[in-house]
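Note that subunit A is present in both complexes that follow, paired respectively with subunit B and with subunit C.
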Partner chain A sequence: MEAIKIDNITLEYKSNNNSIVRAVDNVSLTVNEGEFIALVGHNGSGKSTLAKLLNGLLIPRLGDVKIYGTSTRDKAKIFEIRKNIGMVFQNPDNQMIASIVEDDIAFGPENLGIERNEIIRRVDWALEKVGMSEHRKSTPFKMSGGQKQRLAIAGILAIKPSIIVFDESTAMLDPEGRREVLAVAHELNKNENITVILITHYMDEAVNADRVVVMNRGKIVSDGTPSEVFAHKDLLESLHLTLPLPTSIAHNLGRLGIPISSDILTEEQLEEELCKVLK
Partner chain B sequence: MQGIEIKNLTYTYSQKTPYEKKALDNVSLKINEGDFVGIIGHTGSGKSTLIQHINGLIKPQSGSISVMDINLNQKKPKPDLKRLRTEVGMVFQYPEHQLFDDTVEKDIGFGPKNLKLSTEEIKQRVQDSMELVGLDYNDFKDRSPFDLSGGQKRRVAIAGVIAMRPKILILDEPTAGLDPEGKEHILTLISKLKNDVSPTVIVISHDIDEITRFATRLIVFNNTKIAFDIPMAELFKHEDELVSMGLAVPMAVRLANSLKKKGIALKGNIITPQDLNASVEAYYNNKFNNSESNVLIDTATSAEVRS
Partner chain C sequence: MRDIAFGQYYPTGSPIHRLDPRAKLVFSLLYMVFIFFAKSYVAYLAIFTFIVGVTLISKVPFRALLKSVKIILVLLIFTGLLNLFMYRDGNILGEWWIFRITDKGVDFSIKIMLRLSFLIVGTSMLTFTTTPTEMTDGIEWLLNPLKYIKIPVHDIALTMSIALRFIPSLMEETDKIIMAQKARGAAFDTGKLHERAKSLIPILIPLFVSALRRADELADALDARCYNATPHRTKMKKLAFSYRDAIAFLILASLICFIMVDAYYFTQFVPVGHIASGLDYYVFSWISGLIA
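Up next is the complex of A and B:
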C-alpha cells in the first residue's frame, strides 16, 4: 500500500538577497507502508523542505503530495493528514510544551477531543514504546537530549500516526542519545508497522534503512538499498557526503590492493571480511 | 608557567541546598604550553565545569587553579580576569547563538575594539581572523551574520574569538549540529589554529573518532573525576575502561582489538582509520606478497643461471 505518493513536485522560495531558489525541483517519490527510508543530503539540499511538504506545512507550487491518497492541497482534510504523519524536529527543547511528562504527551490527543480514558491508555502505551514509563510524573526540562527526543516521539505516538518523519532529530544529541532515538525509530517501524522517514546527514544512521534516498539541489540523485547507494562512492563524495566509516575503510583498503569486498556497510561486516582476507 | 595548573579542585553546585550536586571531585591536572588536548566524558561528568573554571566563569570552592600565571584563588588583589579572558579564548557550544552585531566585520571586531586597539589594528585582526577561518573578507564583511549558513555562522563566531589572539584556545563541541562538510571545515580549521594562533588547544567532544584526528593527549572524565589522562597513541590499551564507562571507542581501535582476539595481530598503535589501513596493508603484504616477491627473486636467479 502506498503511504506517500509525491508526484512531480516543485517549490521555490525567495532567499535573503531576493533571488529565487528552487528548493525542490520536480521530485517524485513513492513510499510504501512499513518502509524505513533514510533521506540524506547536505544542508540546503532540499531534504527538510521535502519533509515540510509531506504534512502540508508547505504546499508545492507544481505537482501533488498524497498521504494515503489524500492530497495536501485539500484544506478540508489537512488535519487528517497531520494526524497521520507526525514530525520530530531537531531541537528537543523546542518541542516540549507542558511541565509534566504525561501532560505533554496528552496534549495531542486532548486537542483531538479524545475521551479521557482513551487518552490515559495512549499516554501509557506511548511512554512504554519509547521506554520512558518511569518518568511519567517527572519534568522534561532536566532530562537529557535523548530522553527529551523520546518524549517528543511519545507525544506524536499518542496521536497514532501511520508515518513519522524524523527531521535531523539526532543532530543535537550525544552518541548515546542518538542510539536511543534510532533504536526507538527502528522499533516502531518493526513492531508497530509505522512508516519512517529519517532525515539525517550521518551516513552510519542510514545503513540500517530499507532504502536510502539522496538529495542534492532539490533533486533526488540516488535511490536504492544502502548497499546500492553507498557503492557510488564518487557521487556521494562529490555531494560532500561521507560514506559510513566501515564502507570508507573497505574502499580505501581496496585501493591499496587488498582484495576486500566493497559491499560493506557495518562494522561487523568489515570485521568478518578482514578476518577472511587476513587469515 | 604558560599553561594551566589545577590542584585538588572540587566544585559543588547549589551548595547547602537540597539540590546540591557535586560536579568536580578532587581534580588535579597540568596542561603545558603546546599541548593539544581532547577531553571526553558523559554529559554531567564534569568537563564543562572544569573549562568554566579555566576561563574564570566559576570561582574555585576548594583546591587551586592558575592559568598563564594568573592565580585564580587570590583574594587581594583580585585576579586579572580581563587578561585571563584575553589569553584564554573560549568557543562555547553553538557559538553562533552569541552573534549579535549587524555585520560580520563588526561582530568579529567587537573583542579587539574592547581591547582599545587602533582602528587599523582592529581591521587587520578582523581580516586575518576571517582569512584563517576561510571567509573572504570582501565578500562577507558587510553581510549580516544572521543571513549565513550554519557552518559559516560558526566560523564567524570562531573568528571573533581568535581575533583576541588567545594563547590558549578552548572549544566545546565545536562540530555539534553541522553537516559533514561543515564538520570537515571546522576540524581542519582547529589544526590550523593550533599552528597559527593558539599554541595550546583544548577540545571537548562527544565524538572520539573526531578527537583522535588531531589531539595528542586524551583526558577522560567520568563521574566528576579524571578517569585517565594518556597520550593519544596509548588509547588502544583502554578499550575496556571506555566501554565500562559507556563511552564510545574509536572504530579502528575496536576492530584492531577484536582481530587480535581472533589471532590476527596487526602491528603498531592503531587509533585512526588511517592507522588501521596502514597496518592491514603491512600485515597483508607481509603475509601474502612476501612469498610472491620471493618467487620473483627465485625466477630472477634462475633466469640469471640460465643466461
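Up next is the complex of A and C:
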C-alpha cells in the first residue's frame, strides 16, 4: 500500500540576497507502507524542506503530496494528515511544551480530543516503547540529548501515527544518543509496522534502511537499496557524502585489485569477506 | 543568575502540595486581598501564625521563604522609610527639614512592611507548592468564563506554560553566550555603569536571535502534534476538589473572619484619638492594667 505519494512537487524560497532558490525541484517519490527509508543529502540539499512538505507545514507550489490518498492541499483534512504522519525534529529542547514528561507526551492526544483513559494508556505505551517509563513524572531538563529525543518520539507516538519522519533527529546528539534514537526508529518500524523516513547526513545511519534516497540541490539523484546506492561511490563523494567506513574500505581494497565484494555495509560483513579473501 | 526563586517548586508531596491548584489560586487571591484589611498587630500575629502553620505543613524550608523576602528587601526598606518620614498625622516624635516622624508614622510603616512581607511569602508559598503545569491548568479553569467573550483562554494558558518551560533553557543559553563572549575577551563586570550596560548587548542580541529561532521550531513542533485539531480538547489530568480543599478553605475563612471582626467590630470600641486599633487596644489596656 502506498503510504506517501509525492508527485512532481516544486517549491522555491527567497534566499537572503533576494535570489530565488529552488529548494525542491520537480521531485517524485513513492513510499510504501512499512518501509524504512533513509533520506540523505548534504546541507541545503532540500531534504528538510521535503520533510515539511510531507505533513503540510509547507505546501508545494507545483505538484501534489498525498498521504494515504489525502492531499496536503486539502485544508479541511490537514489534521487527518498530521495524525497519520508524525514528525520528530532536530533539537529535542524545542519540541517540548511542558515541564513534566507525561504532560508533554499527553499534549498530542489532548489536542485530538481523545478520551482521558485512552490518553493515559497511550502515554504508558509510548513511554514503554522508547524505554523511558521510569521517567514519567520527571522533568527533562537534566536528561541527556538521547533521552530527550526519545521523549520527543514518545510525544509523537502518542498520536499513533502510521508514518514517522525523523528530520535530522540525530544531528545534535552524541554517538550514544544517536544509537538510542536509531534503535527506537528501527524497533518501531519492525514491531509496530510504522513507516519511517529518516533524514540524515550520516551515511552510516542509512546502512540498515530498506531504501536510501539521495538528494542534491532539490533533486533526487539516487534511489535504491543501500548496496545499490553505495555502489555509486564517486557520485556520493562529489556530493560530500562519505560512505560508511566498512563500505569505503571494501571499495578501496577492490580498487587495489583485491577480489572483495563491493556490496558491504557493516563491519561484520567486511570481516567475513576479508576472512574469505585471506583463506 | 541561578538564584531566581520565582517558580521554584519544592516537591515534598505534603497536603498543601496536594490541594487542588484552582483552590490554591483562589485561596492565594483571598489571602492577598484580606491581608490589606488587617488593622491591628493582633491580626498581624494571626496572619503570621497562619503562614508559619502553612509552611510547617508544606515542609518547605523556612530559608526558602526568607530568600523570597530578601528579593524585595530594598523595596521593603524604601517603602518603610518613606512612610516613616513622610507620614504627616499623629503626635510628632521628631522633626528635621521636611522629614517628620510621628507615632502614627512609625505604626504605619511597620505595618506596611509586615503587609508586604506577608504578601510575598504567601505568593511564594503558592509557587513553592504548585507545579507550573498545575498552575496553568488552574488559571485556565479560572479564566474559563472569558471563553464566552471569545478570548482564547487555552492559548493564553499554553503560552504561559511554554514561557515557564523555557526559562531554564534560556538561562542555560545565556550562560553559554556569556562564557563564549568572555572567551573572546569581553568584560562584563568592570567599567562604568553605562559601559557595563553596553557590554550586555553582545549577550542580548544572540539570545534574542536564538529565542526567535526556537520559537520558530516550536511552532512547527506544535503544528506537527496537531495543535488546534479540535475545539474539544481533552485533558489527561483531571482537576478534582477534595475534602482537603474544604478544610483548607475553612481555616483560611476563619483567619479572614478574625481579620474582619478585629478591623470592623472591635475597632469601634477604641476611644477616639487612641493610636491602637482593633484588639490591640484590649491588649494595650490589659498590659497597662498589669503594670498598674
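We take it that the second predicted complex is superposed on the first by the 279 of 279 C-alpha atoms of A that agree within 3 Å, B and C clash if a C-alpha of one lies under 4 Å from a C-alpha of the other, contacts with A are read in each partner's own complex, and residues count from 1 in each chain.
Basically, contacts are C-beta pairs under 8 Å (C-beta built on N, C-alpha and C of every residue); 3 or more make two chains touch, one makes a residue touch a chain.
Quick caveat, the model's predicted, so the values are computed rather than measured.
Student: Clash or fit: how do subunit B and subunit C relate after the overlay on subunit A?
Tutor: fit
Student: Just subunit B (first), just subunit C (second), both, or neither: which does A:193 touch?
Tutor: The answer is neither, since A:193 touches no partner chain.
Student: Just checking: does A:106 make contact with subunit B only, subunit C only, both, or neither of them? Give me first, second, both or neither.
Tutor: Touch partner of A:106: subunit C, not subunit B.
Student: Is A:261 in contact with subunit B, with subunit C, with both, or with neither (first, second, both, neither)?
Tutor: neither
Student: With both complexes superposed on chain A, which partner does A:30 reach: first (subunit B), second (subunit C), both or neither?
Tutor: A:30 sits against neither subunit B nor subunit C.
Student: Consider the C-alpha centres of subunit B and subunit C from the C-alpha centre of subunit A, and write down the angle between them to the nearest 10 degrees.
Tutor: Taking the centre of subunit A as apex, the angle works out to 80 degrees.
Student: Quick one: is A:8 in contact with subunit B, with subunit C, with both, or with neither? Answer first, second, both or neither.
Tutor: A:8 contacts neither subunit B nor subunit C.
Student: I'd like to know which partner A:225 touches here: subunit B for first, subunit C for second, both or neither.
Tutor: Touch partners of A:225: none, neither subunit B nor subunit C.
Student: Smallest separation in Å between any Cα of subunit B and any Cα of subunit C in the superposed model?
Tutor: Result, nearest C-alpha distance in the overlay: 5 Å.
Student: For subunit A, which residues lie in the overlap of the subunit B contacts and the subunit C contacts?
Tutor: In the superposed arrangement, which is not itself an observed complex, subunit A uses residues 90 for both subunit B and subunit C.
Student: Would you tell me which residues of subunit A are touching subunit B in their complex?
Tutor: 16, 42-44, 90, 144-145, 171-172, 174-176, 201, 203, 240-242, 245-246, 248-249, 252-253, 256-258, 267, 270-271, 274-275, 277-279
Student: Mind pulling up the subunit A residues that touch subunit C in the complex?
Tutor: Touching subunit C from subunit A are residues 52, 55, 57, 79, 82-83, 86-87, 89-91, 93-100, 102-103, 106-116, 119-120, 123, 141, 155-156, 159.
Student: If we count contacts the way the header does, which residues on subunit B are in touch with subunit A in the complex?
Tutor: 42-43, 147, 149-151, 176-177, 179-182, 184, 206-207, 209, 246, 248, 251-252, 254-255, 258-259, 262-264, 273, 276-277, 280-281, 283-284, 287
Student: Which of the residues in subunit C come into contact with subunit A in the complex?
Tutor: Going through subunit C, the ones touching subunit A are 131-133, 158, 161-162, 164-165, 168-169, 214, 217-218, 220-230, 232-238.
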